[in-house]
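In what follows, chain A forms one complex with chain B and a second complex with chain C.
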Partner chain A sequence: MSRQLGLYFVLAIVFVAGLLFVLNQLAGIMSTATQQAQAVDFTNNSISAVLREEPPQLDSSKATDSTSGLVLGHIMEGLLRMDLQDRLGPAIAERWEVTPTHATFWLRDDAKWSDGEPITAADFIFAWQLALKPETGSEYASLLYSIENAEAINSGKLAASELGVSAPNPQTLVVKLARPIAFFDKLVVFPTFLPIREDFYNATQGRFGSDAEELLYSGPYVIKRWVHSSNLLLERNPHYWDSSRGKLAQINFAYITSDATATLNFFKDERIALARLQAENLTEALRLKWPIRRFADGTVFYLEFNHRDDRVSRNLNFRKAIQHSLDMEELVYKVTKLPGYLPGKSLFPEWLIGVEKSLREEYPASTVSVDAVKARAYLALAKEELGLTEFPEITLLTSDNPVSNVQSEWLQEVLKQTLGLTIKIDKQIFKQRLAKMSSGDFGLLLGGWGPDYNDPLTFGDLFASWNLNNRGRYNSAKMDAFIATAQNAVETKDRMMAFGDIQQQLFDDVVILPMYERGVTYVVHPQLKGVKRRVIGAETDYTYAYIDPDA
Partner chain B sequence: MSDTSWQPSPGDFAIAPQHQTADVITRPSMSYWQDAWRRLKENKRALFSLYLIIGLVMFTVAGPYLWNIDPSAQDLDQIGMAPGAERNVTVAPAYTPWYGPEDSLTYAQDNRLGLTLVGVATSQAVRLAWQAPQKGQTNYGYKIYRTLFALNDGDAFGLPLMETQNEYFEDRLDLQPTDYYYTVVALDRHGLETDQTSTIQLTVMRVITLLEAEKRGLTEDGLVKEGDQIKLALHPFGTDYLGRDMLARLIYGGQVSLFIGIFAPLLYVLLGVIYGSIAGFMGGAVDQLMMRFADFAVALPFLLFMILLKVIFGIGPGESGVLPMLVAMVILLWPAPARLVRGQILQIREEGYVSASKLLGAKTDYLVFRHMIPNTMGVILVTITFQVPSAIFTEAFLSFIGMGVAPPTPSWGSMCNDGIKSMLTRPHELFFPALFISITVLAFNLLGDGLRDALDARMRNRE
Partner chain C sequence: MLRYTIKRLVLGVLTVWFIATATFFGMHAVPGDPLSSDKSTTAQIRANLEAKYGLDKPLLTQYAIYLKNISQGDFGISFTQENRQVNDIIKEHFPISAILGILAIVFAALGGILWGALTALYRNRWPDSVIMFLVILGISVPSFVIAAISQLFLVNINALAGTTILPVGGWGTVWHMIVPAMVLGLSTMAYLTRLMRSSMLEIVNTDYVRTAQSKGLPKTRIFSRHQLRNAILPVVTVLGPAIAGITTGGFVVEIVFAIPGLGRYFVEAIQQLDYTVIMGTTVFYGAFLVFMVILVDLLYGWIDPRVRISP
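And then the complex of A and B:
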């Protein structure tokens, strides 16, 4: 009896051991990408990197998030693109022309889809019509509104075929503009303007963009393999026309994780070639003497007030009280402590170009110095004007991430100490926050805005009374007039002057309080060269990158 | 008829002889509780745990009177300070913006770019100035780096701070009183780094302005002027990521944690006891029904209920979720003690002494209060002590995921959550709250262990 038991015992152990071995082998076969991730592989001319999130889908007409933007920047190409010096340059369009009424793009002959078919003007027309169709539900359809009839199509009043775009021949695209828009050429860099081929789109039967096989590529890379939530392998597109891009044979996004510590460890183990640094692991990076780089990602963060009639923040003196209590330099230098962050002075970040120099050099932003006595005086004035005996609790809407948590707690304490205001912190995930922002369910809001195209207007029209991204519903005829000038003037000088006026109006009326311009600190594998970080488009651009084995 | 002629006479009766007194074996009469207490006292571990728990309760209750510091006050001069860190600080004039060096500045001669520290390096600002490598050479800009570690040839220069066209730079980013190595690299026309670099080493002095010193109450003796050395506020357990006093936060955090940890189990164990004893005592179909309902309650997801209750109570974002947490625990965690007590009652119901009591005509309430409850008391107390650590853990977990207390109110769990982010660089922020949770949980567990032994009636006469 006990002998039999012993036999069973041994058999069980052998079975479990065998199972473990087989499973391990299977795992090895299944997840080759992760197993073999090597930061820089010179013999195969490939690199590995990390994606922060899984792209929800890669249909360019619907893409909104930065990860999709990053992948699309590698696998797709539009009419124009930003070059290595961040200047607007030709891509599928060889040359182009923008007049107050029309924009014309002449497409190159050798631009081909990844199946070898030529890319024609019709592909752009189809993509734009698709983005505007109400049933597509594209969140960025409004970027196309400068095209004739676009707004009416998007609201369902006109058929998509009425869009003011035409193709006199397959290689020419003529856009009829709804209003004069001087920077239409800068707009078309945005992913919503990327081409989509009609017959392929229809053949996918609604699954376009959801998988590697459900995509047709126009860019320097194609997706070779897409294991959802695990890894994404890009391979050079053999039909791509421009030999100056796509030098790496393969880009292996071997991991999809937003965990900062994991990312850093991957980099340490030479599994990935580029890693973002957080404040917590900076000292470690310094100790290991990694080459650290920084760049400003172009996003501006600000404290937004709710200007609706039932809120105390509609009162100018109340807003001034807060303006005089918050020291954004203290926030950036002592609280956030992240390198590359600049204390905010204006809605317009420093990198925006004005007439000749930077916009901010041409129109310096006004600032106030922090003064608790003045702040309290303003608050007393506000109390009187609002007829309040005591201020109600104010809700601060913020996103749920370590940086915003620290900042909102700092804000809460400073406003309590200086003004005696009670602030409730309302942390929400992105979707929920967006819903609350849209419905105006907040008192104060930690908001931010990243540029969609390379023109100050991408920031400048935010606080127009008609802009849905004006979450606090700031409404001023003066501001609207300045924005109208900025939108419609054709002369750069007039437009920049309008932006200067907008900046001053934002300051005078304390519409928002600029907090900081975000910066990113990261490390790159020393053998990987030519990685471009962009403010607009793919945040990390490997299309010009190459491996230098001697470095 | 029987013969009844015999009549008893007094002579028939005699006083019985006194029995020989046997050795009396007595001991002081002891109630159940006295005995339990005696045995608990003998268990050194349990007794120590008991004192520890009393100490912890005192710490959180009396703490605020002894250590009168606002737990949400931010001391931004001492962010993330470890316990016992250097606190000396020099009083300095207020910060004024700087727009480049004076003309009279003499540049250093010992490095390529003449990189020079302007003024004194303080925690307010480090000001650097330099010159073009050759006079009249076109300026394509410079890049400034900073690091904490000495540089050897070929090392990366550290943290890039800024690219500038100016020949001066002011650093204000998170300056700590320690050594820094600053490197300035000249760029070429393409914006690439050249080999024209200079590095200087400097030591930053911690300063505070007179105004800030007054604001933080550091000038009590009144006679402080610029240039004086004073001491920054004392933080015996260090400070957290916003310069808040860890000791004060531990005290206030303990109030939340211990409140939940003690009250929630008391309430739901009480509920469970009532429920379980009814089910066990009634037996039969009622028992079946009640226990199936308990099974149902076990299957309810805790987190979901927590969220639902938050909505029902109208607890908006940014408000404390302690009350719904308490209610959710009471609603969902009673089945475990209920089952335990039911099992005990079922068992006791069949005991001989209960049957005897019944036969003697005891009523239900007498049976329950005289026989059932005292005999389950041991189990109940032990359950409570074992539920306390699990409740503290639940609170810690919920605060950890942001469902518990609202900032700036601390709790041990939320403090751990904050501390874990900087675990490698500033371990004390995680260590102390984690230590307090561990001590509390361990103390309650050991006490529960001791109580189980002490209250077990079967061990009563075992020495």
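And then the complex of A and C:
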């Protein structure tokens, strides 16, 4: 090799090395490095985990999504919370009482903000007024509408100070209700009801919740460091009152990625202590013979019919034909084959609580058995009633992901085989699908609903004629009446009976076809114990988790 | 030279304005809107949100307001991360994409020149065939496959070594950058290899190479002094757009390696129809691309005077 070439070679190496050094320095200046922490670190009593996305909104008055809900579940605490047995329990409020006209919460006096100041009733009043101000633009403000004057404040007709809440003393919060609402205490678990302290909020000058130092914490953890889209480090809140929570000294959300394969790779490399498995990486986990855990995340999926006047699916016999063609057990156990999924029987998932036992035990859902002959007979009836010679092509609106792809192809195949219907699959990405759902541009729709609060009403009012989430525009006076009872009755017994009626009406009128209750599968580091999975609130709750080095 | 520069800059600004306008109207023509979500809100809440973001105004008014704001360098607040300015998002995340991009382009350029020169030297012999085969692979295998495979490779290496040789993901030190940068630069490297190869082969047949050969100069000296230097010129031309392409195209690599770059905002904003972030990132990237092209043109004009004399 000539000297010249050798020189080029050396120069190139020196150049690359120099460049690497400079870039290293630059990256170091700009952001803190991802800690090469272990998945589980017993010495420092800390764990690492992954977040699916950057938390979009940690301002509790505006948060709506599950990732923000997960983080808020660790750093904030409200009046009440769900305990380890998924029952409603005390938190900042020691005790509470709901009457048809009022709800009263008595706050504990040792609850403190992360700066050591006491948490008072005024902090709740400020937060609720904030969420209702029209200029805040809070999407979930409607959850507060059961408080007196709330709706008028949200539409700008009244000043926020007119809200029906008062604090006779700093430790008592009295809520005047606009109408009787038996489950008001279950509502206050939702992030919109979390406290915000006025002086702190005002000092952030519109940046509340956007960075670690722009937040004041009431929960077992505080955000020690937040590098956007990169990592989020939680550290125990020294001022938090309840010593049974916050056992881990640090929770390091070391990575933020939505990629299923990458998540599994981090888990394999022992960088994260818990990895959610998705359709894409489940086989890999099964092959490695990991102990896979499952959990029903509380979401129900169903086939929605378009009930508008220009659609064949407005015909009851048409819907019955489809009802008698689809075997949801086959869908769940033979088609999607994902562990943790349950075949759908009702709009109300199994975990909902009724009067004493589960709602579904108290009001079992009716089912039909699949019967091709009956199905064809119903279809023939429908054809006659609709005055059709041939059924038009029916559009099935669905999202674009591996699970719904398999499901929509199954539907297409079964309905072709059994009824000879032609189904066109219309796969759309998120926002475009929403646009078509709202405008009613579909024949059938793969829909789903996740709960907002721990009461059957979070599902129960979906098919009211006035509910905008009733995408197929189902309209029935009978149904609306049942829903009104479920909303307004004071006795739990009466309300649960109304939910039973709603369930029966959904079945009799084939308003929807429940398809499945979604399951989540995940793997956990063997030394990490006590991780709680929740249907309401933080989906993954590490506040009771601890490390067992002998496991 | 000055007139040429000014002319290019004015054209550049016009191009950016055109990009901004086309994106604005294209984005609003897409069905759906940034305020829709899984759960419908009441009409009142929706009206509050529309008023907050100015979406209740006529489209042309929105366009005018928008143009006024970007001319002052204000891209507004994000729809999905409501408390963050789009300017802050760009400021925080672009440098990370840029660092990764610079490293990727260096890998691509050095590798492309080296492999390209080698293939030309060993034309139609086995090193040529092997490298060209890899080049086809590098161009045709999508980056998400390569990213996932290389990440798995890291996991296995670390498991074999029993310690962390290279981190599997994350950001902050040079060790986090090496593999993602290689993955990111791979297709550009493959492209540059082909370009370098063909320009080397052209030069082999030029008069000055033949003269050098007839003078009896050693082969390696001809290679380094005469061939390599001249063959690099066309490579420089494509580097500008390639730099812009690489620094902006890191979406997949950023997601897989959990790197907090701007690429993922760019792509996710479109999925979420986050109007302000779409506009901010597109206009910013557009301006960046235009700037890189102008820079290369000016450099080229400086290297080769014929370019700037011709109109």
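Criterion: the second predicted complex is superposed on the first by the 514 of 551 C-alpha atoms of A that agree within 3 Å, B and C clash if a C-alpha of one lies under 4 Å from a C-alpha of the other, contacts with A are read in each partner's own complex, and residues count from 1 in each chain.
As a working rule, a residue touches a chain if its C-beta (ideal position, glycine included) is under 8 Å from a C-beta of that chain, and two chains touch if they have at least 3 such contacts.
What you are looking at is a predicted structure, and each value in this text was computed from that prediction instead of being measured.
A.B. asks: Considering only the touch criterion stated at the top, classify A:K334 as touching first (chain B), second (chain C), both, or neither.
C.D. replies: The first partner, chain B, only.
A.B. asks: With the two complexes superposed on chain A, say which partner A:I429 touches: chain B (first), chain C (second), both, or neither.
C.D. replies: Touch partner of A:I429: chain C, not chain B.
A.B. asks: Given the superposition on chain A, which partner contacts more residues in chain A: chain B or chain C?
C.D. replies: C
A.B. asks: Have a look at where A:L20 lands relative to chain B and chain C in the superposition and call it first, second, both or neither.
C.D. replies: Touch partner of A:L20: chain C, not chain B.
A.B. asks: Between chain B (first) and chain C (second), which does A:R207 come into contact with in this model arrangement: first, second, both, or neither?
C.D. replies: Once the two structures are laid over each other on A, A:R207 reaches chain C alone.
A.B. asks: Check the residue A:W410 against both partner chains and state whether it touches chain B (first), chain C (second), both, or neither.
C.D. replies: In the superposed model, A:W410 contacts chain B only, not chain C.
A.B. asks: With both complexes superposed on chain A, which partner does A:K268 reach: first (chain B), second (chain C), both or neither?
C.D. replies: After superposing on A, A:K268 lies in contact with chain C but is clear of chain B.
A.B. asks: Could you say whether A:A254 touches chain B, chain C, both of them, or neither, answering first, second, both or neither?
C.D. replies: second
A.B. asks: Between chain B (first) and chain C (second), which does A:L286 come into contact with in this model arrangement: first, second, both, or neither?
C.D. replies: first
A.B. asks: What part of chain C is in contact with chain A in the complex they form?
C.D. replies: Residues 30-34, 36-45, 48-49, 51-53, 80-84, 89, 92-93, 95-96, 99, 102-103, 106, 110, 148, 151-152, 154-155, 158-159, 164, 167-174, 176-178, 218, 220-221, 223-225, 228, 255-261, 264-265, 271-273 of chain C touch chain A in their complex.
A.B. asks: For the complex, which residues does chain A have touching chain C?
C.D. replies: 1-2, 4-5, 8, 12, 15-16, 19-21, 23-24, 26-28, 30-34, 36, 50, 54, 56-57, 59, 62, 64, 134-139, 141-142, 151, 154-155, 206-210, 214, 227-231, 254-259, 261-262, 265-266, 268-269, 271, 429-432, 434-436, 438, 450, 452, 467-469
A.B. asks: Once bound in the complex, which stretches of chain A touch chain B?
C.D. replies: Going by the criterion above, the answer is residues 280-284, 286-287, 289-294, 329-330, 332-335, 337, 339-340, 395-396, 400, 402, 405-406, 408-410, 412-414, 416-417, 423-428, 521.
A.B. asks: Okay, in this complex, where on chain B does chain A touch?
C.D. replies: Contact set of chain B toward chain A: 72-74, 76, 79, 147-149, 155-156, 158-161, 172-174, 241-242, 316-319, 402, 406-408, 421-422, 424-425.
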